[in-house]
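Okay, here's the structure, questions in a sec.
Chain naming follows the written order as A, B, C and D, and within any one chain the residues start at number 1.
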Amino acid sequence: MSSVEFRKDLFREERDDNLQEIGKPTRRQDILGHVTGRSPYYDDHLFDGLLHMRCVRSPHHHARIRSIDTGAAERMPGVIRVILARDVPNNLNTLLSLINFGKDEEKLIQDTKVAYVGEPVAAIIAETDRQARDACAAVKVDYEVLPHVLDPEEALSPQAPVVNEVYPNNTFDYHDLYDHQKLRFGDVDKGFAEADHIVEGEYQMSPIEQAPIETCGAIAAPETNDRYVCYTSTQALFFSLGTTAKLLDMPSSRLHFIGGTVGGGFGGKVDSIVEPLSVLGAVLAGRPVKFMWDRTEEMQVGAPRGAERWRIKDGVARDGRILARAFTGFFDAGAYTRLSSYAIIKCSAHLPGPYTIPNVAANVFCVFTNRTPATAMRGFGITGVDFAIECHMDKVAEAVGLNPIELRILNAYRDGDMKPHRRLAKNTALIECCQVAAQKSGWSIGAEAARQSSLLGGGGPRAEIPETVTDMAGQIGERRRSVIPTAPGEGASARGNVPAGTQGIPIVAAAPQDEDMIMDPSRTGYRGPSSTPTRIPEAAIATDTRPQAAAPASPPPPAARPGPVAPSGSSQVLQPALQPALSPPAPQASPEPPATAPQPPAPDAASQPYKPEKPFSRGVNRPGVSRFLSGSRRR
Amino acid sequence: MTVHKGRGFACINYPIGMNLGGDPSQALVHSTPDGKFMVSLSSIDLGQGMKSVTRQIAAETLGVPVADVYVDTADSDTGPHCMGSFASRGTHRVGNAVIRAATEARKALLEAAAEELEVNAADLETDGQGNIHVKGAPTRTITVADTAIAAQFKQGRTLSGRGIFLIPPSDVDPDTGEMTPVSCFAHAALVVDLEVDDETGEVTVNEINSAYEVGRALNPRLVEQQLIGGAWMGVSHALYETTEPYYPDRNHGPEDFNAYLMPGPGEVVDHNIAVLERPAEDAPFGGKGPGEMCANPVLPAIANAVYNAVGVRCDTLPITPERVLRGLLANGGARPQGVR
Amino acid sequence: MVTITTVDTLQEAAASSGQGSSLLGGGTLLMRGVNYGDQDVSRIVRLRQPTPLAGISSEGERIRLGAFATMATIMKSGDTAFLHPVARAVGGPAIRNMATVGGNIFAPHPYGDFAVALLVLDARLRMSDGSEMDLDRLLPVRDTETRLVESVSALRPAGDDFRFLKVTRVKPRGASVLSIAAWLPRRAGRVSGARVAFGAMAPTPVRVPEVEAALEGVNLDQNGIERALQSVANNLNPPDDSLASGWYRKAVAPVHLGRLLLGQGTR
Amino acid sequence: MMAKTPVQFSLNGSSAAVFVDDAQNLLDVLRRGVGDLTPKYGCGQGTCGSCTVLIDGEPHLSCLTLAETVEGRSVETTNGLAAGPNLHALQEAFMENFAAQCGYCTPGMLMAAKALLDRTPRPSREEVIEAISGNICRCTGYDPIIDAIMAASGQATRRTG
């Protein structure tokens, strides 16, 4: 049983709640179709003479293909066409080439070497699904089995077999420089040295299947106008269309993709494998072709949420403040990149989680192993590391003897804090979520924790970018020559230094191209950030009334704390403890920022450093942006 | 047999939209002859409610009843480009594109009405019921339907709009990781209550109390769908799911739903949700997109609750009975960590 | 390529069986294989009218189940009340409308929980050639047996002599981590002639004579059953699969057996 | 030439006749043979329930049903749930309770629920759970589906908020 309450009392100054249609529990537009079974999923389009495609797949983790004998299969009843690698016009791709990220490395159909169990080496089109399966069983592939590697850290060793020849170091190449993505903010070694506790942990997430109830699939058919229509379960219509155009070396104008009603995706329908294969089938057979994964393929050949391994090292002050946090992360990409490389960048920007920590470093590796390639899934790039971070936070709480919720509130990021990716936090609400969850569950937290606010105590010195130690460890290929440590900073010979305050220009949304597209601000329902803290009515929070002795279990206003992050004298610091806890949100007699009533969204530049007032103007310095992005030709 | 109760906490934030930007979405809006509106997209409804939420956004922006708006997606011949439905980008990116397209269409609508009413367009307002009034003079009014007919059959004016939303791509500094990843974050915190059987290692989740901050609940029932279903998936990830039960060994990978484990309808967890709404500046009506983040806090909260119940740190997912039992044996039995 | 041969009697079906032929029962396993292109199945032999072989009848202290009787049929029959919990443990309602007693006997690991119950109920099979065979003789050789099963005769237990438990990860229905059936006749409170069988603990459902022997003459209390519990792990070598490892199955089988014997139920 | 076998059965009260291929399953015949697209393919293994149909009033998995075995029998699908323009109480309740997201499992859920309500008009929550225990939903967490089936049986759900 579930219950839902909408806490309209919180952040009410920042919203209008009088909109006409927004906020209404309107029935889904598609619900009638769902309950009558008539929502048109891709497989609900009937074609006369529909043919069925199935794949011949590798039984080996890693093997060289000596030969493929399709003779018997071609003579089997109902078989229309056997498709091999040579039939794919442009048989090399990487999914994110459409946004110029990564090198082409994966064949639609393999002909030289298989790198995971299930990799396709042939596709067969037949009159019925069963005939296609029977013909697949009759294809004889002569393999030379090669040594394989399945553990990502073993794959980093100089002795490990090369999984993917385009990345011969078994790691994705980041920025043409390193075999991993770095994040550096401050000096973690200094933070560890100042810490009272060092808390370390290792975390592992195994691969997870998206498991939509509709399996991945597509039906392609010749259209009367010399084009091909493709009904697809894709989550990304133009990704699939663009990938198909590229692999088939076909003008995108000859492709007509139709989808939009999909039986669950969860990230598993982005990879654009079934679309190019079904269109290729329709081209070669001249008839409608369906390629639908069965459940076994969906589970073992379809790319899962990849495995991740994380090591976290924290330096923690006696009072629970985390002074430094270092991550070493391994994304097990499987045999090809798909989306793992990109997830790591998203993940790196997410570190160290929703906390303000003055010294943060991370090395995150995208490692190739001989397993099914990994791809997107709900929470992509974040779910695994959030598991690690939040398990680790409990270990930190135990180490310092703090209530786990209070520990989070103590370290929580707040409006105006600088994050390690060097952009300011705004619109934060972690503290309020902690307080409400504590309240709903009846988990006591201290009165001071219950008084904290995301709107207060951030910024000031917490907005500053510290002097940052960098290193050049882990350059591409270095790890192939000798074993070097994977953790940030360890074993690094050449160290560098980025001066305090160094920051580039934040990127904001492109402005509307025409002023007619700019919505009247009074109709957006958005009133701008409030300067008055939203208040969880304190009486409603089960506050811990136990005597709080020597241990500083309750969080001081972060900026007022002594320590490397918090030089004193910030004019931003309010005195939350002085505010009447039960008073409604209202103008307070506090020095700064000026307490105001709800404002129109016209904040001053100082408190809103990167409000998108002006159209983006900085050039993109990466050459050859995708035609789907800017109209220029892809590299 | 001893069953130990445990309680665990976790909180998270979640970046909304494709990292680094560079992920545009477009929308087209046009009026039918009598003033109903069609929204054309290439976005995908995977069940998250893309068609429904963009419909409400279009209706709100146009100032017309939701019943007068329908969303058509995704046909590459008629729908403008959309990067796709992933990374919690739909509500934010597509929603913003729809706002721009519907805003332009609304401008044309009001200009057409102004011509009919012989007033300035700036003096007009919509009532959300299908009428356009002169501000402060509600009797000077025209229906949206009459306006559309006049515009398209008398004035020679289309009531249509185009919209694109793009956050241009951000570079990443190779040495520091500096970048502009996304523009807004959703938040969540939750408490899990569960029981652990110390002879079998079996974990039973009894209750979740949660707070999810979603910017704005554009449709509260769609938000509820995501949060309840997402928390279920979180429990499933935490305790059940993997395609490789003996990772990194690849043996015994499940090939059907008997072997790929997920909680059944007999394991529905009582889930009490509070929804917080702190609107984000550049999000459509402040809404951030709750679809992905809702599962994330459940995984660590369960691990933390198992530790609280029996003193076994479960740092490897999924937290199978075997992993709990091995931990119990290694510890010489359950070590409850105290009532929370 | 799969062909269908429709026959009128089980004897005809047995006569037309051979390499690549399979008799269609409920179809829950056979049709799955057919859908997935199982190259070992090239012919489906189908009874035109299976109803005569789907009956349930009482034979004194025993009950006879036709090989084509479905789990749903068993759940509807008052004669088989003691088997209702066992039948209910097999799949969801749709599967139970299809899955047959005969099919369950041949179901590979981890399926076949109904056969686990039959094992302790002294199940005797009537084969298509008219001969009789004990179930525990068939199970080890079931993959090579060419005769077909026509019906099963099982003891009808008294009181709470018969107990069954299936441990699943997924609730309310899931595949077996393990299942246990026990038949525990007692004389003056002491067990006499116990039978205990396990599912998903070996390649086929199995009885464990050492456990049965250890229960002889004991009271069903913690002390009485201790030796039986200890002998579980020594006499079973369960497989790893995606549901659980052999190690885990071995570790918890005594726990669940203890709960079953003590009437504590399962979680 | 592949052998074709004629099969005649009742589909949602109307007579249906179709030639089926050897070993073709009922799901495929319903969808491609007679054009009833409401049962869905989710696994072909009998493990997801999205192809659930009623045969002679009882739920069956059409992907595991050899098509020719329905000769002379009655088959019901979601296509036959509504009476003309009037939706079945289950369909109304699924709409009202937001009991579908992607909608792909919905037809199977509806048929499993109909089999229950036809026999047990006022089921307990446990009976509802049992009735859908062979049907997998990846989106909803089941709670809204259980609520909807309870609501369709005229029993108030305990949903709050």
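Please note the rule applied: a contact is a pair of C-beta atoms (placed from the backbone, for glycine too) under 8 Å apart; a residue touches a chain by one contact, two chains touch by 3 or more.
By chain, with names taken from UniProt: A = Nicotinate dehydrogenase large molybdopterin subunit; B = Nicotinate dehydrogenase medium molybdopterin subunit; C = Carbon monoxide dehydrogenase medium chain; D = 4-hydroxybenzoyl-CoA reductase subunit gamma.
This structure is a prediction, so every number in the text was calculated from the model and none was measured.
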Chain pair with more C-beta contacts, B-C versus A-D: A-D
Euclidean distance of C-alpha centroids - chain A vs chain D, Å: 36
Centroid distance [mean C-alpha coordinates] between chain C and chain B, Å: 46
Inter-chain centre distance, chain A versus chain B - centres from mean C-alpha coordinates, in Å: 14
Cα-centroid distance, chain C relative to chain D, in whole angstrom: 29
Residues of chain A touching at least two other chains: 1-6, 27-28, 30, 77, 130, 211-212, 262-266, 294-296
Set of chain D residues in contact with two or more other chains: 2, 23, 43-45, 47-48, 98, 100-104, 129, 132-133, 136, 138-139, 143, 161
Contacts with two or more other chains, residues of chain C listed in rising order: 1-2, 34-36, 172-173
Overall pattern in which the protein chains touch one another (line/ring/star/complete/other): complete
Residue ranges of chain C touching chain D (in the complex, touch as defined): 1-4, 24, 26-28, 31-32, 34-36, 44, 46, 72, 91-95, 97-98, 172-173
Touching residues on chain A, where the partner in the complex is chain C: 54, 77, 130-131, 133-134, 136-137, 294, 296
Complex interface listing, chain A residues touching chain D: 1-6, 27-28, 30-39, 41, 43-44, 46, 50, 77-78, 128, 130, 211-215, 262-266, 292, 294-295
Chain D contact footprint on chain B (complex, rising order): 46-49, 221-222, 224-225, 228-229, 231-233, 256-258, 262, 264-266, 268, 271, 273
List of chain D residues in touch with chain A within their complex: 2, 21, 23, 31-32, 35, 37-45, 47-48, 50, 77-79, 81-82, 87, 90-91, 94-95, 98, 100-107, 110, 136-139, 143, 158-161
